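Each of the next two complexes has chain A plus one other chain: chain B in the first, chain C in the second.
Here is the complex of A and B:
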């Protein structure tokens, strides 16, 4: 009998091999024990054989005990069942979970032998009780947050320079990640001691790294291979920028109007134009050039015009600036 | 006469071959063989049969259900944006599957699930109770030690045993 069945299996195997090559590789790569529902080779005994063989097999073959779920008390310590992150064990989880797309008119497959439940990550080790116990255990290693630093403003005041770096964790045997060496250094320019010239020079030196809206200078260092080196380089850059912006070089005297960051009205074409126009309109009385100029400049309308032009040039065009300019022009030209 | 018939026969042979799409001289040198395109998807699908083929959930659902009705058999961070090492992890996965299939020959009830948590490699498998437990324990220990040494990272095996394979449907 055994030989007969084994021959049948052999023939089946041969048919499989002579068939499509794809199938063969499939069966090799997957787990398959062939297509039979036969329990398999463990049950070698046959009823035809002698009782001795049967008895021998029975002693060897143990029946599996009842699952752990049957012995669980309702108020057991769940942390001892699932202390760490482990895959789903149906015999250790006493819940009647079902997972999978149901057959038509059926229900999702049950948890015993369910591969879908094993594929997904589970959080059975993170019950609220477990988290509370973890926190309690970690409390002894923690220190209190300093009470003087309860607002963002306080933190900025005491710690104006902020250094940011990222650590990377991945599911691989290696810890190394080349992006972990990048260091960002952020500092608000208002917290640095800079006068007008120093501030303008700093902004010129720094260029793109300064954000006008938040007044934050960001220095990113990534040219060195280690994070420590990048950190030191960023601090060095900050120091150098600060000291250099305080120094005045000889060639800075050659700064032209085009280099100026802010628009200044004195000695500008706008001032010359308005003064010449007002002189031609003979608004002021007759007199020397200089006196007439001084008089005109002192006038309220001219001052308003100056403010509106400066505001328009510095802040850009918007509803309010253009309205202000219009009002000022109307007043100056007596329209 | 004989020569003429032979030549006609060879001509017919050549024309027949040409019709089938292969150009090869009768001596059998290397040539280009072209067949018609079969516009069918065959990937990871079990074809419907007479209804006597038991099939597990994983086998029954074709690959376009991955992410919808099926999960992923292998999980690691290398397939996220900006992460490297995807090829190395894939090679490791393939090797581990073949290794498990060979070591626990005939005992595997379903596909192997591989999970990576940091350095730790967890291999989850469903087994049939074909071997006595002592042999299972030995094979588990052997696999864990060998794979740990091969991949220089801790490898843990999570084995569950069943009496029979869980059948989802019969195709």
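Here is the complex of A and C:
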């Protein structure tokens, strides 16, 4: 504790005074003028008891100037206002934005002091101009795209296997994100060398991972902790699938009609029906059964009928397939 | 109730001219008809009551079925709401529509020495498949064919109160109630044939009862109706006889097999055996024998069928295409068949139906006679015949 003797009003250096309000005022006085002026500022430590505000003089507050928006030119450089991702500053954004729920008879609240606008993410730092400038700056670090790969088809031809993984950035204590280990491997089956049996077996093996419309097989690997491991696992899976689908096992001979992917007309009940019907109708001449069968099968109407049935079964029913079937039946049965 | 109001109104109806030989509603009608005979018929009616003579120009018009025909031919074939309409209007008017005209034209061209062809009416719910079937069956009847009409194959696959093991084959089950009812209706429809056709085989029912070879079919049918226990087997015997005899050179009858709701024959059934396992369709005698009739083994007739989603079990409400309702087995059995689509009413047909309702004073609401009202009816029912019937019933 400083001795009271140092109360001497000397403007030499700073005097460490503690606690007593009077001395505080003194200390201020030493900074400012060197003469102690017993202003009412001393009341800071001693608020008046009993709440008499008569003599309470507010501390000096600087009045705020006009907002920055008032001084903005129309063709200003916006990047200097919002160079990075920053929360919404109503005084810096010259747009008359309103946000919030309009209470009874009112409108959404204005932007000044609007917490909702501040909470949401904004992309004011990513205007097209800004992005263009970023790209220009990054260009010097990029290598050129190979000129030979100018169409999608070319890319597919030279690089049929596409591997996709995602990197994550966030401002958080840790840099790591567990979702970054996921690897998607996409390949078009048409670019693989598969014959008919191999293709069917492959489709059976992969099941849901194949998309019929785009002919793309997608293998997603996420069971290993690192991206590199997942990538290698996905490549391994692709290799194994390819080689396994080319092999034919002994038990594959037990494949039944219900397992077949496509409807095949040969040896189907439909073929038997139509042949027996035509034989009964004695459409073809008399002869050996085999010959008659061959002859009937070779007929144009029967071929049309076969096409319509195959279409009906494979493509599913719709008005057009049913009509086609009807026409074919009419022709075959000579109606 | 609408019915009472309507019958009251009918007495005071001033209708357009109608043919004299239709079932009349009273002396007033005849009087009207006599004095306005030379006037042309209204747009929606046709005088041509013989289905054989219906053609493209009659499309969309109503023709009247004679009541005698109704009683013999359709003891069990018509849709429920249509039967109520018959009673209300006291006349049976059916619209001539494209699907049935198409099938009738094929029937006219059939070569009876070739195996019988199968025709299938398909379409959304309530578009008139059963009515088209009835129209075609009426044609067959007027041509003197033997009509084997199964009104709804679904009733043989569900709600069976009495299920007995078959006496003929242990693995199968009988349904005596349904079988005897069907035999009764069959007898009503085909009276003239029953005394003409003779059985070719001997059938032994019990130790004491048997039907000898060469006896009349009528006797066989009577046997089935009186001895309800054996009725399912009698049905099987009848179907077998008809199948063997039809198309033979010595028989002079043609057979029309009409099955409504044919998709039920290959569907699942809700009938359960004693150990709660469901019964397969092939284990029911009636269904088994009927399926034999639907094959193409026999000649001299035609098979006309419809699909029906309304009575079918375990099918989605929106299924209506043949393959969806028939299933794989059904499609393979019916293949090759001719699918005939039955669509909603066209504009002309809708007009026709609307004018008919107006004519019969069925539309009581004053606004229903205006253009606005008509547009509203079109909007509500999308020209679907059964929906239109229900919508207009409350007007």
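By our rule, the second predicted complex is superposed on the first by the 194 of 335 C-alpha atoms of A that agree within 3 Å, B and C clash if a C-alpha of one lies under 4 Å from a C-alpha of the other, contacts with A are read in each partner's own complex, and residues count from 1 in each chain.
To be clear about the criterion, a contact is a pair of C-beta atoms (placed from the backbone, for glycine too) under 8 Å apart; a residue touches a chain by one contact, two chains touch by 3 or more.
Because the structure is a prediction, the values reported are computed rather than measured.
Asker: One more residue to check, A:113. First (chain B), second (chain C), both or neither?
Answerer: In the superposition, A:113 touches chain B alone.
Asker: First (chain B), second (chain C), both or neither: which does A:93 touch?
Answerer: Neither partner.
Asker: If you stack the two complexes on chain A, which partner ends up touching A:309: first (chain B), second (chain C), both, or neither?
Answerer: A:309: touches chain C, not chain B.
Asker: Touch test for A:296: chain B only (first), chain C only (second), both, or neither?
Answerer: neither
Asker: According to the contact criterion defined above, which of chain B and chain C contacts more residues of chain A?
Answerer: If we count touched residues of chain A for both partners, the winner is B.
Asker: Once the structures are superposed on A, label A:103 by its partner contacts, choosing first (chain B), second (chain C), both or neither.
Answerer: First partner only, chain B.
Asker: Touching A:169 in the superposition: chain B (first), chain C (second), both, neither?
Answerer: After superposing on A, A:169 lies in contact with chain B but is clear of chain C.
Asker: In the overlay, answer first, second, both or neither for which of chain B and chain C A:217 touches.
Answerer: neither
Asker: Once chain A of both complexes is superposed, is A:317 in touch with chain B (first), chain C (second), both, or neither?
Answerer: second
Asker: Inside the complex, what are the residues of chain A that reach chain C?
Answerer: Per the stated touch rule, the residues are 268-270, 273-274, 276-277, 280-281, 305, 309, 312-313, 317-319, 322, 325-326, 329-330, 332-333, 335.
Asker: Which part of chain B faces chain A closely enough to touch in the complex?
Answerer: My answer: residues 42, 53-54, 56-59, 61, 65, 69-73, 75-78, 82-83, 85, 88-89, 97-98, 101, 106-113, 115-119, 122, 124, 126, 128-133, 151-153, 158, 160-169.
Asker: Flag every residue of chain C that touches chain A in the complex, lowest number first.
Answerer: The contact residues of chain C facing chain A are 106, 109, 114-115, 117, 122, 296, 321-324, 332-333, 335-341.
Asker: What part of chain A is in contact with chain B in the complex they form?
Answerer: That would be residues 22, 28-31, 33, 35, 37, 39-42, 60-62, 64, 85-87, 89-91, 100-101, 103, 109, 112-116, 118-121, 169-174, 179 of chain A.
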